[in-house]
Every structure is written in structure tokens, then in C-alpha cells.
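Shared between the two complexes below is subunit A, which has subunit B as its partner in the first and subunit C in the second.
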Partner chain A sequence: MFTEAKRVVRFVFQYFSANLQSAMEYRGAFLSQVVFMFLNNLMLLFFWWVLFTQIESLNGWSFEHVMLLYAVASGAYACQALLFGGSFSLSRAVAEGRLDFYLALPKPVLLHVLISRSSASAWGDLAFSLVIFALTTAPSPGQLLGFLILILAGGVVTTSFAVLAHSLSFWLGHSEQLAGQLTEALLTFSLYPEGIFSATTRLVLYTAIPAGFVSYLPVRILKDFGLAHVGMLLVFALGLAVAARLVFYRGLRRYESGNLVVINALD
Partner chain B sequence: MAVIEVNGLHKVFRTKAKEPGLRGSVRSLLRPAYSEVVAVKDISFAVEAGELLAFIGPNGAGKSTTIKMLTGILNPTAGTAQVLGLVPWEARRQLAYTIGSVFGQKSQLWYHLPALDSFRLLGSIYEIAGRDLAKRLDQVVELFELAEFIKTPVRKLSLGQRMRCEIAASILHRPKVIFLDEPTIGLDVVAKLKIRELIKRLNEEEKTTIFLTSHDAGDIEQLCKRVIVINHGEIILDTSTSYLRHNYLTTRIVNVKFAAPCPELRLFHAEILKHTEKGVKFRINTRFTSIEEVLGELFAQADIEDISVEEPAMEEVIRDIYGRPAGEGEQHAAG
Partner chain C sequence: MQLVSGGAWRKYFKVAEISFTNRIVYLADHFASSIFLILILFIFSQLWKTVLGPSEEIAGLNSTAMLWYMLFTEMIALSTPRTHQLVSEDVKSGDLAYKLVRPCSYILYYFAVYGGEFIIRAVTNLTVGSAFAHLAGGPLAVDWSKLGWVLLGFVLAAAVNFLVCFCVALLAFWLEETRPFFWILNKMTFIFGGLLVPVEAYPEGLRRISYLLPLRYSFSAPARLVVNFDYSLLRQMLAGQLIWAVLLASLAALMFRKGVRRVHVHGG
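Presenting the complex of A and B:
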């Protein structure tokens, strides 16, 4: 089992490295994407700063909370985009019949599709996440490691959610836009403080659109560490990943049958 | 020993049927109707180890569907198949270690990186250990003559060079069977010849069984000893290439450019398709007339600047097979 895990990590790393090399082929484009993504995130945070010069707190959320929220959410998004960038275009891969390529190779199809792409601009998100976290917390190495685990868990949640949303295309055909809207909703909710939402909305945000596990719960863990919360987060991330895998492979059976609405099955 | 055995393989797709126009679209949205398309119809054949087989047919004939079933990408509706003793759609991942595939229109190379980087990544996908991979890379680079451009980003390669890298990428793990789907598509004459030469070497030197689909009659004539022709999902001919060559690949279209105007031309052994003062285009059937004979007639009447010969289109060959009297187009034992 250890050898298998080592093999998987090596496989993921090699794709990650190939994607990075590929992005760096165009030095100017790569650097500008990274810098502009960093500035873009900073600008969003600036609006919150302006708001917090007018008010002291927002239902218990201070500007520092919001900074942490941004650090955690952009970190989680960066993990998804850097490691599992294929999750953003999964429905297109299904619709265009691009899964054939992965099906013909001896690696797990879902993992292979997910790691096949990586977004260069997400390095800007990651840098932003780490800088903001450092500014709010001045972390010790242990805290930094804890933060990395939190954003990685958040990345597993956003990736699994994207896999679920994009897997709809196995049943609905061209559902790229719908999947895009769903994943966008998760990102948007992850960037607003939990305090502004009603109890009902919060219920949705801890279930159907799990922004709670991408940013609210990690922020709570960072502000007030509790093992129960860490356990909840990890169990949810793992559970969602298992569910996403299940749904994807169920859909893949339809792909293998060649009866997908979107597939041009004949040569 | 057969490495591919196919028995009664059948594939039916369910597709949405829609009447034309907006009304049809609305109706289809409210009450979708489906129709069934038979893509592969009860086909059976076997391929022996080390064979170089052409599997040909026009667009939509069922070639790719068959390859997808034999590589485990698609499940059949009925029938059985074994590739190297494995049922492809049941043991797809296990089979993937022993077969290779190249789909001419889909690349497996990283566009912005040198082919060497893609090869290393594929080495890791096929779990080839470091030293073995280095050794294998040397062999493949030599076999496919890639040394000159292996470190050049793929986007800067010519189509022919890229295709050499594509095929090389698919044999890194020493597959016993390789499926080549239109490997010469879009290539110029010189690049085509090179790819054919390399495929032949791969078959001879590594004893790889090659299952080749192509639209190009030249690929088949120059590479394969046996050919299976498929149309509308059915095998309509399973024969030796020499039989196909002598009986079906017999028409040639010849384009001639005159060095000096030649307003009058009479060819007794060819069918003139177009004749102007500057040139002539004619069809001959090599079954009844030799090209030399017609060229002799031509040289006697005109000054020739340039001649090019076109091979028959696959559609024409298929039409010809159907056009023959019953019995002639049936399965022949491969020789």
C-alpha cells in the first residue's frame, strides 16, 4: 500500500512538474498572470478594508477574520487549480470525447484527468493566500503546516464539488455552463463572511454548496483551534471525495456505453 | 497464435432523433425521440501475432468504434473479443500495459514541451523504472530517428516529425499490439513514406502486431499483407493485400502538364476526364492497361512537363467491391 501511495504521489508530481514547465515556456505570460491574480485578490480585499473603516464588525466578523477568510479560500482554490486543474474542464472533456485518451492508459481515469491540467495564474492565488496569512498571523512553522493542511482539505472539497457538478454532463449532455455556475457559486459564497447569512442559508452552505468547509470552518479553526472541527473538516472532505469518485465512475459507465447525448460515437 | 480474436462483435448506439427545423427542436425538447444506429454489425476476425493488418473503410464505417472496443474504451452491445487473452472492456487497465494506440488526430504529446518530456511522463504512467526508461528511450530514438528534434518543443515540429514522436510515445512500454488510427492523415508524400518505413521497421524489428486503419490506399499497399474492409459496420472483404491490389486498387487518375500546347490528343486505353491545351487528366484501369502503354501513347503525341498519379479513393474501392458480381466481394482467406 505504501509503494502504491508513493507511486501515486510520484505520478501527481510529474504531471504537476510538466504543467509548470509548460506554463513557464511563456515567461512573460506566466509572470503577468501570477502578478495580476495577486493584485486582483488584493483589490477584492481592499473593498472589505474600505467597508471596515466604516464599521467595526459584521455580525461578529472583523477585518482580520475577512483577511483569514480570503487567505483560506484563495489557498483552497489555488490547491484545486494547481494540483487538480482538470476539474475545471471535466464536462468539456466528457463532451468532446477526450476521456478516450485517459481510458487507453493504465492509470485511474479520474485522478489522471484531474491532474492533467494546472492553472498558472493560481500561483498568484497561492502567493496571495500565504502573504495574507503571514500578515494576519505571523505563523510559526507548525502553524504554517496546519494552514497548508487546511487549504489542501479545502482544495479537496472544491475539487470534489467540481467533479460532482461536471459529472452532470454524463447525464445531461453539454452542461459545462451549469457546472461553471455551480462551482462559481461555491467560490463566491466562500468569499463572504458566514456571519451575514441566515441560519437556513448556513445550512445550505454546510451541505449543498459546501462553502462552510472551504473557508468558514478553517477560519474558525485558525482563530480558535479545536480538534473536533479539524476532524469534521477532514471527514467531510474525504466523504465528498468518495462521493465524487462514485458519481464520476457511475457516469463513466454511460461514457463507455457510447450512448451519451453529446458523443459523436461514430468515426 | 492469435493475439486478437473477435467473435460476433456488435455495437448499437442510441442517438437522439430530431425532425428538421425549429418545430422539430421544440418537439424533441418536450418529447425526445431516440433511434438506434448500428455502428458495428456482428463482426468476427482474428489477428495473428506479428501481423501487419489494415482495417479500412470510409468515414462512419465503424473502424474507430471497433478500435475503441478492442482497447476497452467502449463496451460492445453483443459479442466477444480477446486481445492478448484479455477481454478489453473487463481488463482495460491491465491490457493498457501491453497494447499501444495512436489516434492520428489526437495528440498524446505536450504541445509546449519537447517530446522527450512527454516520453518521460509516459514512462512514469507505464511505470517503467528509471534505468529501463533511459535504455528504452535510446532504442526508440534510434529506431524512429528522433535525435535531431527530441528536445524541440512539439509545437515547433513538422506534422511528420510530430507523428514520428506520437508513434514512438506509444511504443515506449514495448506493447505487443499497437492500434494505429490514421497515422498518415494530413502528411505530405515524403513524411508519409517515412512513417510507413518506420511502421514497417517497428513490425519487423520489435515483432509488434500492428492494427492499422487508414484512408490512404498507399499505406495499405506498401505496408500490409492482409486487409479487412469494413463498411456500414460490416466486414465486406477480408483478404490479402495482393488480392486487393490486383482486383480492386486498379484505377489510377493521372494528371499531365504539357510543356507545349497540345490541342489534339487521342488515348485509346484511358478515359479522358479533362483536356485543355495545357494539360490532361485521365483515368486508367491497370487491370486492363498498363500505365507504360498509356504513357507511350501520350509521349508520342505531346511534350510532357510533369506527371502525377493519384491512387483511388477509399470510397471508390468500396464502390468497386460492391459493384462486383456476388461471391467476388466475399471473404477471402488471407494469404
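Presenting the complex of A and C:
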């Protein structure tokens, strides 16, 4: 089992490395995307800066909390986009019958689809996440490691949610727009403090649209460390990943080949 | 850029009409796209209720007015078609070669396409958004006698917004890929366009900068005019919109003239 896990990790890192080298081939374009994405995220904080010049606190959330929220959410998104970039276009692959390429190879289909793509601009999200975290907390190496674990767990949640949303294509056919809106909703809610939402909305944000596990709970862990919260986050991330895998493979039984002759690299 | 006079306008109206008709076919799709608007309005209705409560105000607007303000800024932002992206695609795909030989102005052609699509998107977003804002925040007191001024403001706002986007899009003649510039423009719109909060709430320095840039005249000013009509704001807005429309139209014409001489068309 250990050998198998090692093989999977090596497989993931080989794809990750190949995707990175591919992005770095056009170094100028790569760097401009990273820099622009960093600036793009920085500007998102502007609204909160203006708001916190007018108010002192937002139901217990300060500007520092909001900065941490952005660090965690953009970090989680970066983990998804860098490691599991295929999750963004899964429904198109399903609806257009483009999974044939992955089905023919002796590797786990879902994992293979997910890691086959990586977004170069997400390096900008990761840089933003780390810089904002460093500015907010001046972390020790241990805290930095903890932060990386939290954003990775958040990335697993966003990826699993995306797999669930995109797997609807197995039953609904073309449902890219619906999947896109669901994943957009998760990202959008992750970027607003939970303090503004009513109890009912929070219930939804810790269940159906799990923004709570992407950013709210990690921020709480960073501000007030508790093993119970860490356990909750890890169990939820793992549970959602298992559920996503289950739904994807259940849907895969309904998959019909598109009989397409395509160059996969251009997908 | 070709000069346009007299009956020549008719063909651009026809292009706008075709663009409008094309989008009517996807009416259900447009209504479905408004889900994102509802999501944003929902989040901000909760945010403003928490921040402002029943009686507090920011920049003279209470929580209900803030929600309606945001509906109008978002309506303009979300109704803006991605016409400008077509310039980059024209250059990359080689379609530009076919567009340039047509007996019409490249810029006015895309302005007409933009106009036709903007109307249908704006109507669907306004219908869905105002229904939600009414339910979530309460009604907006509208002075219907000022409707003409408000509509004029929105038409000019859409025109200025098109020209800003098109000037950035024309960079494709030099750089081909313009997406990173649109990311930045998008976020500058957040800030200097006052997309989420009126620019009047900003610190003095930033407020002055936003008054000088065109983005405020495309988003914040017309939205504020609807929720809080004021003749001095109307005069200031119309002056800003007209000045920027002339400046940006001249810049777009100049960029097009310079750019089209050096563009390398691939494919086709």
C-alpha cells in the first residue's frame, strides 16, 4: 500500500513538474500572468480597506481577519488550480466524450484528469496568499507549515466540490454553466467574512456550499488554534474527497465515448 | 477609421439590431447568467444590513440604497459584452483581414455589436436584480420625472465603458494577448469605478483620482444618480461622460490607425 501511495505521489509530481515546465516555456507570459494575478488579488482587498476606514469591526471580524481570509481562500484556490487544474473543465470533458484518453491508460482516471492541467496564473494566487499571510502574522516556520496544510485542505475541499458539480454532466449532459456557477458561488462566499451571514446562511456555508471549510474555519484555526477545529477540517476534506470520488465513478458508468480524434494537449 | 455621415448610420443600427436579435435567442441563458448577480446581491444585502443596520449611512446611502446602488453598478458591469475580446481573437485568428475589407468602420461595427447585446443583457439583469433587491432590501423610491436624465446617463456610461474596453483591446495590435490588462482594468473598475461602494466613501486622495478617471462616469455616477438624484451630480456626470467619450473615441481612432499598419495577421 505504501509503495502504491509513493507511486501516486510520484505520478502527481511528474505531471506538476511537466505542467510547470510547459508554463515556463514562455517565461515572459508566465511572469506577467503571475504578477498581474497578484495585483488583481491585491485590489480585491481594497474594498475591505475602505470599509474598515468607516467601521471598527464587522461582527468580530477586523481587517486583519479579512486579510487572513483572503490569504487562506486564495491559497486554497491556488492549490486547486496548480495541482488539480483539470477540475475546472471536467464537465466539458465528460459532455464531449473526451475522457477516452484517460480511460485507455493504466492510471486512476479521476486523479489523472484532475492533475493533467495546471493554471500558470495560480502561482500569482499562491504568492499573494503567502505574502498576505506573512504580512498579517510574521509566522514561524511551524506556523508556515500549518498554513500550507490548511490551504492544501481547503484546496481538497474546492477540488472535491468542483468534481461533484462537474460530475452532474454524467446525468445532465452539457452542464458547464451550472457547474461553473456552483464553483463560482463557493469561491465568492469564501471571500466574505462569515460574520455578515445569518445562522441559516452559515448552515448552508458549512454544508451545501462548503465555504466555511475553505476559509472561515482555517481563519479560526489561525487566530485561535484548536485541535477539534483542525480535526473537523481534515475529516470534512477527506469525507468530501471520498464522496466526490464515489459520485464521479458512479457517473463514469454512464459515460459515453465521443469517438473524437483530438490532440489532448490542445484541450 | 472611416467617417460616418447621413445614411451610413443605418448600417450600424442594422448591425446593432442583428446583435440584439442574436442575443434574444439566448434569453433563457441570459436569465440563468443573472444567478451570479443574485448571489452578489444576496451577500451584499447581508453585509450592508450588518454594517449599517436600520439607520446608519455610508456616503449618504442607507442599507437599502446601497443595495440598489450596487444593483445598478453590477448591472452595467455584468451587461458589458465581451466584444473587446474579439479584437484579440481577430488578430490571432486572422479574421481581422476579413473585417478590414468590409465597407464599415471597425470601431463603429463593434460599438454596434456591443450596443445590441448590452441592451438585452441590461434588461434581463435589471429585471432579475430589481426583483431580488426589492425582496431583500425593500423598494427604491424613484422619481419617474427624472427617468430621461437617468437613461441618458446610462447610455453615455455604456458608451464610455465600451471605449475604455476597446482602447485596451486595441493593444492586441501590438501585444496579441490582452487578458492581463483586462484583469487589471476589471479591478480598477472595482476601485475607481466604485462598483461595490460609492467613490464618495473613499479617502480624499482616492476620491479625487476617481473623479478624474473615466470609470466613475461609467459605473458609480449613473448608479448614484438613480438612488439619490441630484442636479449637480447630473451636470458633473454628463460633463465627465461627454469629455471622456470624446477623448477616448479620439484615442481609439488614433490607436486603430497606428496599430492596423503594424499588425501581423496569422492564420485566416
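Here are a few things to note about the model shown:
The rule we apply is simple: the second predicted complex is superposed on the first by the 255 of 267 C-alpha atoms of A that agree within 3 Å, B and C clash if a C-alpha of one lies under 4 Å from a C-alpha of the other, contacts with A are read in each partner's own complex, and residues count from 1 in each chain.
Everything below uses one rule, namely that a contact is a pair of C-beta atoms (placed from the backbone, for glycine too) under 8 Å apart; a residue touches a chain by one contact, two chains touch by 3 or more.
Every value quoted in this text rests on a predicted model; they were computed, and no experiment measured them.
In the superposition on chain A, no contact is made by A:Thr200 with either subunit B or subunit C.
Once the two complexes are overlaid on the shared chain, A:Leu58 sits against subunit C while remaining clear of subunit B. Of the two partner chains placed by the overlay, neither subunit B nor subunit C lies in contact with A:Thr3. Of the two partner chains, subunit C is the only one that A:Gln33 touches; subunit B does not reach it. Within the superposed three-chain model, A:Phe11 lies in touch with subunit B and out of touch with subunit C [touch as defined at top]. In the superposed model, A:Ser140 makes contact with neither subunit B nor subunit C. Taken in their complex, subunit A has these residues touching subunit C: 29, 32-33, 36-37, 39-40, 43-44, 46-47, 50-51, 53-55, 58-59, 177, 181, 184-185, 188-189, 192, 195-198, 201. Interface of subunit B with subunit A (complex): residues 11, 13-16, 37, 39, 59-65, 68, 71-75, 89, 92-94, 96-97, 101, 103, 106, 108, 110-113, 117-118, 120-121, 124-127, 153. Contacts from subunit A toward subunit B in the complex involve residues 7, 10-11, 14-15, 18, 21-22, 25-26, 98, 100-101, 103-107, 256-259, 261, 265-267. Those residues of subunit C that touch subunit A in the complex are listed here as 29, 32-33, 35-36, 39-40, 43, 46-47, 50-51, 58, 177, 180, 183-184, 186-188, 190-191, 196-197, 201-203.
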